[in-house]
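Next up: some structures, all given as structure tokens.
What follows is subunit A paired twice: with subunit B in the first complex and subunit C in the second.
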Partner chain A sequence: MSEKKAVGTRQYIATRIVQTIVVWFGIITLNFFIFRIMPGDPRGTLIAEHMPPEVVQAIALRFGLDQPIAIQFVLYIVNLFRGDLGESFSHYGQPVIETIFAFRFWNTVILMGTSILIALIVAIIMGVIAASRRDKVIDVGSTTVFLVTYSMPVFWLGLMILYYFGFILRVIPLAGTITRGIVHVNIFHYIADYLWHMTGPLVVLTLSFIGGFYLIMRDSVLDVFTQDYILAARAKGLKERAILYGHAMRNAMLPMVSVIAVNMPFLISGATITETVFSWSGLGLLTYNSDVANDWPVLQGIFLFLATVAVLSNFVADILYLYLDPRIRY
Partner chain B sequence: MSHGYSPFPDHPYDRMHSDNIVYYGGNPYVLNNATVDALIEDYLSASPAELAEAARLVQVAAKYNIPYIPLFLSDDTHAIRSEWTNYTIKPGGIFTTFNPQTVVFMTSSVDNSLFVMAYSSDIGEMNPLFWRSERSHWYNMLVYDTLLSFDNESNLIPWLAEDYAISADGTQINFTLRTGAQWHDGLPVRPEDVEFSINYYKNGPSDVNDWPTFQHITSTSVDGQVITINMDQTMAFAPHIFGTQMYVLPEHVRDDAPQNDARWDDPTNGTAHTGSGPYEFDSRDPDEFTLVTKFANWWGPTNPYVGQLPNIDAFRIDVVIGQDARILAMRAGDADSERYEVFGAYVNVVLNAPELTLVTGLASQWDYVLGFHLNVTEPGFPGLGISDFRVRKAMSHAIDRAQLVNIGRLGHGRETHSIIPETFYASLYHPDGDFWEHNTTIANNILDAAGYLDVDGDGVREYPGVVLPPPPPNLILIGIAGAVALIIGIVISYFIFRMRKG
Partner chain C sequence: MSVLRIEDLCTHYFLGEDQVQAVDNVTFDIAESEIFGLAGESGCGKTTAAYSIMRILPENGAIVNGRIFLDDEDVVVKTEEEMRQLRWRKVSIVFQYAMNAFNPVLRIGNQIVEVMLEKQSIDKEEATKKAKELFDEVGLEPERIRDYPHEFSGGMRQRAIIAQALAAEPRLIIADEPVTALDVIVQNKILGLLKSLQKKYQLAVLLITHDLSVVAENSDRVGIMYAGNLVEVGTTVNVFKESLHPYTYKLIGAFPSVKGPKRRLEFIPGTPPDLIRPPSGCRFHPRCPWAQDICNLEVPEYREYEKNHWVACHFAGEINFEVEP
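This part shows the complex of A and B:
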């Protein structure tokens, strides 16, 4: 890399860092105000009808809800940089950090991470195979199947799986991350029980993810097939398998970096509907419950975390491009 | 809109007193009437002898101000697996926090070892001083005892206390603690524990439940098994609040930590959840389940209103989020019932499920009302519209509550005509407070007399004094005239053109 190019790259990275910080600040500001302008009042969660006015006032004071919005915003920013995201309204008095990260974060990361990983592997393999056999049965068949699963509403698919496999066939549990009320004899028993409970939501999420990944991979491989270097590889007499996996697939993977970056927030946010259908206690379900309960601090915490991951993953993807594709220079 | 009833009718204060006209207050109707305020204050500070008349006056005041129109109470259409019977039928439903009898008397024809209650979300708090939902409150009711409870007609009955007495002026209450009661750790429940609990509530932070009522306590004392509470004023529902809303807590567990200490919500600290209730805390996995097991030394057999230990060995509260999933869980036997009643189309789903029974025939605690915001007026028409009592009265006459129940609750509900409805609070209901009968002729006559007339004949009444704007021009006639003029113009032009050409 010439010195001129290196300087350009450094400038690009520095610019992206500044942009990322500015965007992040914009997001945390929006993150505060968006909940103040949406309908609903958190005191609806905190304050039951029969609470006397003095208690209503005491609760408002405790959570700073009596302060002007500008003061609330300053407090929010100051506390944010102290690592204090406040206390949950609906988990009365519990620190938001604990509400989010104690166990729900891990439930979501495990569920979403596994489903995205499986979906990516299946989509990449099937995308390459379908592209290499364009318009053949396997191409048309897999495209049709994955378009159908991609188009199906996840709540409907989830309920069908719950009904047929959970209720009729009794092969998966109807709710939760573990069997309720049992004492697991050891860690392996716990893991097996956990994975069994993960089956339903995992199938739903994997099916819903595969379609998008598959179509991008297939199109990407088809695009690579039109490139001159594929023609050159064929002209050199390389075997089709070597061309497919050694040249076509590797180059077609580049757009998948963007896809993975775009999907990173899902890894954290969870799948609200799927988690709700299967009572999977993750961040998606927490988002739903917090929204219903107008639990602003928890929603702010989740969205802040989500936005941070989204901004960072896009930044990392942009930087990765520099190293994955030697043609990209700034 | 809907509200919820507690087992004693203190809601007129929440809904109609000007104290509660605050941002997110209990008086969203903004009824700000000094006379009504005074009547409510008299009601809440009535001695036992004055209470019925004070309640009558409050009901009449509501009738003649109409901040909201009572419509109906939904029925407690609870789904429960068919093998369970002998749940207690009382106003509010079979599973309320003021129905501890159900968890004692309910029994299964198949297996009494476990009852699983499906919740739509986690119980949240475990600390009985800070319950913030009926879900956590119901858990508290299993683990902790109150001094008093309610019978099936919502009258106070002895519970952990074996007796109680109120002075004639209502400023002193004596609770006589039952002898032989034990905490879950085996230590005896002492009158000093009750006195400690009263002061623990009183001296807690101001967001402790019912904290303001406790501030009226001037002194407490213990004499033998009798705990005396003295107050600085008469409070009509003080026996209800101290007797049924305050959970008795063990001094030896609680006295070394503040009321809002984190340990009281810590599921790993079993000692922190020591109570004297019919069930003792066993284990909990937040967002998954909370398990309580039968307390073998509960005092139930010594109380003639109970007479036994609970039939069920353990209760488990499971989190099952969706209504569909909860019904499937009940049908599959993974759950036995759910915390709240089923609504809408799910009622028929339950009725068609052979494994389930739909409990019907008793009112839930959820009441539906037609509410008004009395400060909202049409610009240019101050005092008219819903600000006008005559309009609200006409609306009250016009509402067919039976039809609302049929449409809104598929028939599973009961009409309410007073703000203290007979269905729920038979002892304090008074027919003088019944809202205006359903009669659309009277409703129309009221509006006619008040000048709300349909002056433009479009089926919608206008405000009094509205003058109709002049009628719009007849576009058809204008069009025809224009067309005729155009034709004449063309004809004339044609002849002029011909004459010039000729």
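This part shows the complex of A and C:
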């Protein structure tokens, strides 16, 4: 019996892998053409009006913009598999890979990873507590607070924090990831400086994330509480903690896996608005700047990377469910 | 000595301004190694009475009056923590919906072991061994304690539930509609199993069901409930052959019998009353063909009409059930 199950599972995983690859190819195709359909000519940013035609021609040649679209597409795919995403238009001559991954990627991952992690932990704990004390002060209180932070526009919250804590009180820096022009004594000094700069965006992002996670968790736990096996666990005279964390939480966490998977691209894309407000040099800010500068290769690279993460995280979530929920068999 | 003794139990549910008097002045007891059948139609308070014994009522339900003794310990006055320790050790329950009484994402064996570790001073290895023995005892393959609930059929799950009910060696098992969801052949097997285990371990069993044939075949004594009241209690033979309460008589008449001459099935006109505003006097009087003025005015006393045969009717023993006015 279990052997049959294993075969079914293997088949399912194989199917999902094929699906994932097909979807991914669909995305890179779309990703390539969407920029060609959009209005605006990238040469506008690269090429000044008074440039002699030879220069215009040379630049078009350098970036392959003189080729027909079909050829450009083939070149794009071939180069993609060589790990070459082209050169940035706006960061002259810099490979896109470097533009994205050199430091911006890490800035975003650290900021977003930390805020999502904190938001998740707080949301899960508070969600369980609120659900188990339904309609009590702590439930109503935390639901109200998180609904307010959830509905608050992040740019406004960011600006308020920047204004009061950065400009008036001067307890957090106004911009950047580290203090400019300062020479750090050692690595710890550097880390401390970095974390100090991260405080503002971290608080804003964490607050904006908690609400959504919290509401889903609370709802999920409340739903589990109405199940017969929770009544059975109570009848068995188990400790309140054992019921809450052993029986209710495990089941209530199942929908959270999907929520986390869906939020993974966020982790990478960064919050464009928050990064812009705090001048946090991450992928969100890069997206904004590249968009303004019509920097196709960089935007294409970011989108490609995002799509890959989205497709992969959904794949991983689907596989994880196989192990988390024994009822799921294929 | 009785294992369970309930005196004047009143359990109400609070719905906003209203109170649903789900269980009202219920008194009965269960002796050691006795099967007590509690029967009545849906919504008459059987399950509420059972949940009151274990004190696992929903949040809006409360025991408003009465006492419940388990081995002479009154559970009504116990704190939540005392009650928690007492659950499963003294009294366990076989739920109505065995389908959902196990947590779907945990192995069945672990759920049984979990309660053993909580209730008895044994280690995990011993508990697992004991769980396997219990599985064997209820007719399941011991290796299958590693299975998940969805891998069991309905009958197997019910067996597993019974194994779990025995896990902490209780004195009393409440079987709340233990076979309702099963087909008749499996029903018979499960009831047979329940009976043999009851004999072996000298368990007291509170068998709750709306199926009179299940009660008649399996109980030593029977209690009939109507609209939150216990209307008649006696030995199975007494209640079924010499019914004293009109409701009992009518209810039994509404069940087809395999033996005896063929006859038309009777039915009881009307519907069960709204328990927020139950009828005055005897709650059955609006549907009782033999009701008199007094039935509307006075609540009939629950009294021992003859030895071991209790009834709550003003005219117990005076009515000729064959003749309806």
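Quick notes on this structure:
The rule is short, and it goes like this: the second predicted complex is superposed on the first by the 327 of 330 C-alpha atoms of A that agree within 3 Å, B and C clash if a C-alpha of one lies under 4 Å from a C-alpha of the other, contacts with A are read in each partner's own complex, and residues count from 1 in each chain.
Keep this in mind: a contact is a pair of C-beta atoms (placed from the backbone, for glycine too) under 8 Å apart; a residue touches a chain by one contact, two chains touch by 3 or more.
All values reported here derive from a predicted model rather than from experimental measurement.
After superposition onto subunit A, the partners subunit B and subunit C occupy separate space and fit alongside each other. Once the two complexes are overlaid on the shared chain, A:Q94 sits against subunit B while remaining clear of subunit C. When both complexes are overlaid on chain A, the residue A:R234 reaches subunit C alone and has no touch with subunit B.
Contact with subunit B, but none with subunit C, is seen for A:T177 once the two complexes are overlaid on the shared chain.
Once chain A of one complex is fitted onto chain A of the other, the partner contacts of A:Q19 are absent, as it touches neither subunit B nor subunit C.
Touch criterion met: A:F167 reaches subunit B, while subunit C stays clear of it. In the superposed model, A:S258 makes contact with neither subunit B nor subunit C. Rounded to the nearest 10, the angle at the Cα centre of subunit A between the centres of subunit B and subunit C is 150 degrees.
By the touch criterion defined above, A:T199 lies against neither subunit B nor subunit C after alignment on the C-alpha atoms of chain A.
Contacts of A:G246 after superposition on the shared chain: subunit C is touched, whereas subunit B is not.
By the touch criterion defined above, A:V277 reaches subunit B but does not reach subunit C. Counting the residues of subunit A touched by each of subunit B and subunit C gives the higher count for B.
Superposition on the common chain A brings subunit B within a closest Cα-Cα distance of 49 Å of subunit C.
No residue of subunit A lies at the contact with subunit B in one complex and also at the contact with subunit C in the other. Every residue of subunit A that touches subunit C in the complex is listed here, in rising order: 227-229, 231-239, 242, 246-247, 250-251, 254, 324-327. Listed in rising order, the residues of subunit A touching subunit B in the complex are 41, 43-59, 62, 90-94, 102-104, 159, 162-163, 166-167, 170, 173-178, 180-181, 276-279, 281, 285, 289. Interface residues of subunit B, counted against subunit A in their complex, comprise 3-4, 6, 10-11, 14, 19-20, 22-26, 114, 116, 121-122, 124-125, 130, 132-133, 205-207, 209, 211-213, 260, 265, 283, 285-289, 291, 316, 318-322, 324-325, 328-329, 331-332, 334. Within the complex formed with subunit A, the residues of subunit C that make contact are 54, 56, 83-89, 92-93, 95, 97, 99-106, 114-115, 118-119, 148, 150, 164.
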